[in-house]
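One structure, pasted below without further comment.
Going by the order they are written in, the chains are A, B, C and D; count residues from 1 in each one.
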Amino acid sequence: MAETLIKIDRSKSAYENEQIHNRWHPDIPMAATVKPGDDFVLECYDWTGGQIKNDDCADDIRDVDLTQVHFLSGPVAVEGAEPGDLLEVDILDIGAFQDSQWGFNGFFAKKNGGGFLTEKFPMAQKSIWDFNGMFTKSRHIPNVEFAGMIHPGLIGCLPSKEMLTEWNRREKELYDTEPNRVPGLANMPYADTAHLGKLAGDAAKQAATEAARTVPPREHGGNCDIKDLSRGSKAYFPVYVKGAGLSVGDLHFSQGDGEITFCGAIEMAGWIHLRVNLIKDGMSKYGIKNPVFKPSTIKPRYEDYVIFEGISVDEEGKQHYLDVQVAYRQACLNAIEYLTKFGYTPAQGYALLGCAPVEGHISGVVDVPNACATLWLPTEIFDFDINPTAEGPTKKVTPGTDVPLSPDKE
Amino acid sequence: MAETLIKIDRSKSAYENEQIHNRWHPDIPMAATVKPGDDFVLECYDWTGGQIKNDDCADDIRDVDLTQVHFLSGPVAVEGAEPGDLLEVDILDIGAFQDSQWGFNGFFAKKNGGGFLTEKFPMAQKSIWDFNGMFTKSRHIPNVEFAGMIHPGLIGCLPSKEMLTEWNRREKELYDTEPNRVPGLANMPYADTAHLGKLAGDAAKQAATEAARTVPPREHGGNCDIKDLSRGSKAYFPVYVKGAGLSVGDLHFSQGDGEITFCGAIEMAGWIHLRVNLIKDGMSKYGIKNPVFKPSTIKPRYEDYVIFEGISVDEEGKQHYLDVQVAYRQACLNAIEYLTKFGYTPAQGYALLGCAPVEGHISGVVDVPNACATLWLPTEIFDFDINPTAEGPTKKVTPGTDVPLSPDKE
Amino acid sequence: MAETLIKIDRSKSAYENEQIHNRWHPDIPMAATVKPGDDFVLECYDWTGGQIKNDDCADDIRDVDLTQVHFLSGPVAVEGAEPGDLLEVDILDIGAFQDSQWGFNGFFAKKNGGGFLTEKFPMAQKSIWDFNGMFTKSRHIPNVEFAGMIHPGLIGCLPSKEMLTEWNRREKELYDTEPNRVPGLANMPYADTAHLGKLAGDAAKQAATEAARTVPPREHGGNCDIKDLSRGSKAYFPVYVKGAGLSVGDLHFSQGDGEITFCGAIEMAGWIHLRVNLIKDGMSKYGIKNPVFKPSTIKPRYEDYVIFEGISVDEEGKQHYLDVQVAYRQACLNAIEYLTKFGYTPAQGYALLGCAPVEGHISGVVDVPNACATLWLPTEIFDFDINPTAEGPTKKVTPGTDVPLSPDKE
Amino acid sequence: MAETLIKIDRSKSAYENEQIHNRWHPDIPMAATVKPGDDFVLECYDWTGGQIKNDDCADDIRDVDLTQVHFLSGPVAVEGAEPGDLLEVDILDIGAFQDSQWGFNGFFAKKNGGGFLTEKFPMAQKSIWDFNGMFTKSRHIPNVEFAGMIHPGLIGCLPSKEMLTEWNRREKELYDTEPNRVPGLANMPYADTAHLGKLAGDAAKQAATEAARTVPPREHGGNCDIKDLSRGSKAYFPVYVKGAGLSVGDLHFSQGDGEITFCGAIEMAGWIHLRVNLIKDGMSKYGIKNPVFKPSTIKPRYEDYVIFEGISVDEEGKQHYLDVQVAYRQACLNAIEYLTKFGYTPAQGYALLGCAPVEGHISGVVDVPNACATLWLPTEIFDFDINPTAEGPTKKVTPGTDVPLSPDKE
């Protein structure tokens, strides 16, 4: 069996673990070293480092400290890796811990992070998902069970100093256009809660003030939240520092395209089994700026869908110019409305779109002024028929449940 | 064999055919009438009504009159259909005419329509695609052959008077924010080139001044350009007028998600075989505003992809806030750059992304400030290996071809 | 558009067409000639040459003259093809004629051909299937509609003289073990109804006495009845004579694995669009004795099945030794019994297994003494739920129809 | 996490574990009890109970004691289950033990068990497969790596007394036709090595003389070796005794259709996670004699194949009458010959067909006298291109390895 290079003790704070970090910075020391061709296992905290509990109250979601996220395992040095190389990563498998067969999904309060539909769902809500082998279901969202397309929400290599500077420059520029916005336009460096692995002393203090937050995806990959970068897939990551420094975390048991609920997938702690190889000088050979990857041969084959369209006219009737973001938002709202006809609450519908393997496709981006996006809802995850019929829908959802909500504190 | 309800004569102007129209208006008279359960065939002009030729010169693309598009076949009345119903449409098959086994793809000049990457490709260019049974290839883009996922780019029912008014209101509002922009933010009603089927006299004159242009997708479906709404799929369209008034056109032999080249797919003339049924009062029963559909059981199964990521930082390094449109644009540019490493010209790469069955997925829409989009390039359409390898790419594309370009006229 | 090299006139006898033949013999003159790289269309009679009618009486099935079958279109010569080469054939598309959008399925009388379950269904029966674009349904088998996986039942190259001699030797040896068996163990040459294309005079008379019948698949491919060798697939056929001599016929709109009803698929007249290329000396290069092929990228994607097992114990309780034939027969009987619980007659069930895209898998061939075979019934072809549930089945099949039967004549 | 109802200690003999048995008999006491709706885990020995080692010598395969197999975990009683019910079983997941990430494949000596191609491969041979997450590769068969379609080779409920009697009757009848055959036509009860769980004393002695061997699949399922009954699938098993008595074992990491090498898949020890429910009186409701099942939504999606045909003429040129067994044997030999052209030894080819997810389809069973079977070889498991090309094959397999062989002892 492959060696477990990074172990975690979930009974202890992630801050105590020197093989964990929650910021991006080139000076973070390597946590372990491997050779090309090696395969190995990394254990990972859930992205919040254990802030969320398996219970029926959303207070923990409401009160989450988002300056702490995401806790990542790494960086792993790969011998021989140099800037300009591509690091080939096979995701051989991913799993939850034997004693922790559950995950959570949440809507953050609009005051504290928000989400894609935060205007419609401004309060904190949470659903808990139990894992049954390769499948999951939730006591908060009945009549649905589906296979996990398990993936790391966040994976990538350490940035170079220059790249970090550029990230901070461009994000600050955006941030400064509306610095008091809630939720914020961007999350700037924040030293107080930074954890930089083994880095200590003044070097750590300095780095903490400039280390990039982990929320956005960037050139190196990072928090891409791509559900298809799942176990069994193969990815190619740009290398920016000697040794590459591969880090990973934010494991998801399942997620819909867009990760629309922001806390966003079925979030879990667990382990990931990786194999690495190098393509020397691969970035210029292939003209690669962002990671590329190949899909898994082992993915749930949901092939039957009801597909919802959305266009870039918002729910107020305002016409936007070629805006897929608006169009996908409309497709999501259309799907939620449809689900309510079978008996789901809107919050259950929203959570389901965040957790289940729904597809989000960019269908049209040129037919001025409307972009067109589609949301693909797999029909086979329901234990009743969700297709339109001449008879119309009946309320087939078992009544009496909902997604727990915690109002904002005064 | 099902009856052909609408026939066309490609040697004559579409304006001479009373079963064709190129605007949306509730007063357009029905061109034919069917019963629920009927199946029937409609013949369709290509979307430009024959303005583009099967040759190696892009002048026709440069000089195209876009005020004429799209020429649609219909409207077909369905007995018993009333506002609020859903019209269930089975797309039983689609084909090109026996004597016209080819299609075209083009980039419009930035001055006359543009496209998704018009800043990079501001001049008119054209590629011609020959159909070989269910497959296609192009003399302008070598080393690639793929199966057509044939679909109507444009399909939907007539709008009501109220809906038409709303369309005009909101699009005018956007248009007025920058009325001189090239290309325009929206295309407003334009009477000179309107064709409203059988409608004649003063009624036609009046309708032409207010009839909606066909370019954008809207609530009724319309020009959605969804490659997955392909032959074999089943769609549910909202009905707004008595008799429904289903029209269809803009047939595509194949298209990539986003239809990024605007002239955008492999455009063709041909026929479509449909079957219609009704879900009475289906709009309120299912809470449906936009069409929903189910994918075809018969679609090309390209399962192996190289997947490119894009984030919402543009090529100037400017940070955009959660903008899938920007992110997908970056993914497209990344894919084009990659293709050049194997010997394609950038224009060939751009055309290929517009024509081949590439997937565009909305991967992340909440990780502030970066949206993440992915472009899925099927590897099996190439006659060489397009995957990254340790050896690096070799120029496997047969040299000496490109996509014909016609510079702007002075 | 590709040229139609062989045309047929269905109002005339196939015997009048010199580009048609119904026996295998190396002396059959080439009907047309093409070059490597060419694509072309061949029109084909249905396998019986028009003996079966679109009506509700099975007399034509009962009285069919099976010595006439199969009427093939060809042989097509390929320039440069020599014995030992592989002929690469792309099946670009297949279709029914515009004025003949239907097909038939039949059970032959046990006295005249029989079938896989002839002991259970000894009388002639027939079902008619209407084509609706890419889909089909039957007035004799309600509540089912499915996509055609259109394929040639019979395709291959002319045998050499030596190969023909060997075929006749080994089949005669088997035939002689029980020459009076009904149905026969093999079908020996039969000159009276032979049709050898352009071959005439004494040469034709001589050849007719030794020309091989077309019923069995053999080394060259021939009547393989492989549903997956469908439009869109690519096959490699051994070449035995100069020019290859490719012939094709017995077009099927759809068929289940095993073609268990013998008249066996949904049989149709139509056209096939092919492209040919050569792999010189391919037989020895690849060690190929029988054809190999690659599946189509465009095939109906039925992914949800109810799967029936069968073992090699027959319905009398007799134990057979590792016999997949017996095991698959049991799986078929199990599936038919299951279908009756929803209201189908056994004959409807049998016809459905012959026509629909059911899969037949060889699951175990070594666990003495029982072979195990599985029959995969796609659930999505039914307009009701065919899955087992705790509630049990209800009779959802519209009553009042059956597959017409014609008793044996005295 | 689900409870582990049956644990094993691989350092001890399976005979010491009272929750393990290696024969079928209605008197075997229940090893554990669950309720409908429960999910639970069972640990399983490999089918030989640990006789085979992870080394490079096939002596253990040659010397295996096949009278001991298969060691099964169970029987598990389900509360409320009665004869005539269907036991619905969800296979939620399956895995190897953390400290045992490997499996074995073997060809038994013709003298001791044999296999599908034992005439060609009469000596004992063995290959070892290492598991890398969801994938496997072998040091004995280079250039190939594939995803496991993990499944239980053997699963089913206890037979009733009447059913057991019938099994023994019919197998004895066959056995007696050639009692000295090697390998035997059937394996009759053999008391010496029987292990009947908790059953002890005279009852055990009596039962051992009549308990059925576990080798063949039978009405209850049993040793079906169906690769598609994999983790994620749902099966319905007939119930014959009060409490059902579900037993399972013979876990396979991967297997080709037919399990042609007899030792036959990639055999492993491990655990299986199951959930059970009941369909009361389901056998008569659905007319079910053998188990039925539904395929997993999570299976490796190998979609590109080279497909080999075989017909029922054997390698001596003898014509068999409609015999799929012979036809599939020919298809296997054709595939092995093809693989040698790329550099594999015949034994490596044979082992690969037994281990990799190759498909075996029953293509034609009625075209007298030839049955037609197809073997589907997935191309994506190889690290080189296995497709036919005009250039012909090159020896791409890394030379210097083979499948270890141990000659028969004198």
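In the analysis below, a residue touches a chain if its C-beta (ideal position, glycine included) is under 8 Å from a C-beta of that chain, and two chains touch if they have at least 3 such contacts.
Which protein is which chain? UniProt says A, B, C, D = Acetamidase/formamidase family protein.
Note that this is a predicted model, so its numbers are computed, not measured.
Enquirer: List every chain that touches both chain A and chain C.
Expert: B, D
Enquirer: Any idea whether B-D or A-D has more C-beta pairs in contact?
Expert: Result: the pair with more contacts is A-D.
Enquirer: Note whether the interface between chain B and chain C is symmetric in residue numbering, meaning over half of all numbers used appear on both sides, and answer same or different.
Expert: Homomeric contact, same residues on both sides for the most part.
Enquirer: Approximately how many whole Å separate the CA-defined centres of chain C and chain D?
Expert: Distance between chain centres, rounded to whole Å: 32 Å.
Enquirer: Taking each chain's centre as the mean of its CA atoms, how far is chain B from chain D in angstrom?
Expert: Between these chains, centre-to-centre, one finds 51 Å.
Enquirer: Round to the nearest whole Å and give the separation of the Cα centres of chain A and chain D.
Expert: Centre-to-centre distance between chain A and chain D: 39 Å.
Enquirer: Residues touching two or more other chains, restricted to chain D: which are they?
Expert: Counting only residues that touch two or more other chains, chain D contributes 301, 303-304, 380.
Enquirer: State the interface residues of chain A toward chain D in the complex, per the touch definition above.
Expert: 1-2, 39, 90-93, 98-99, 101, 132-135, 147, 231-232, 273, 275, 297-302, 380
Enquirer: Flag every residue of chain D that touches chain B in the complex, lowest number first.
Expert: Residues 301, 303-304, 380, 385 of chain D touch chain B in their complex.
Enquirer: For chain C, which residues are in contact with chain D within the complex?
Expert: Residues 86, 88, 115-116, 166, 170-171, 173-174, 183-187, 215-219, 221, 223-228, 236, 257-262, 264, 277-282, 285-295, 303-311, 313, 317-325, 328, 330-331, 334, 337-338, 340-341, 359-374, 376, 387-390, 392-393 of chain C touch chain D in their complex.
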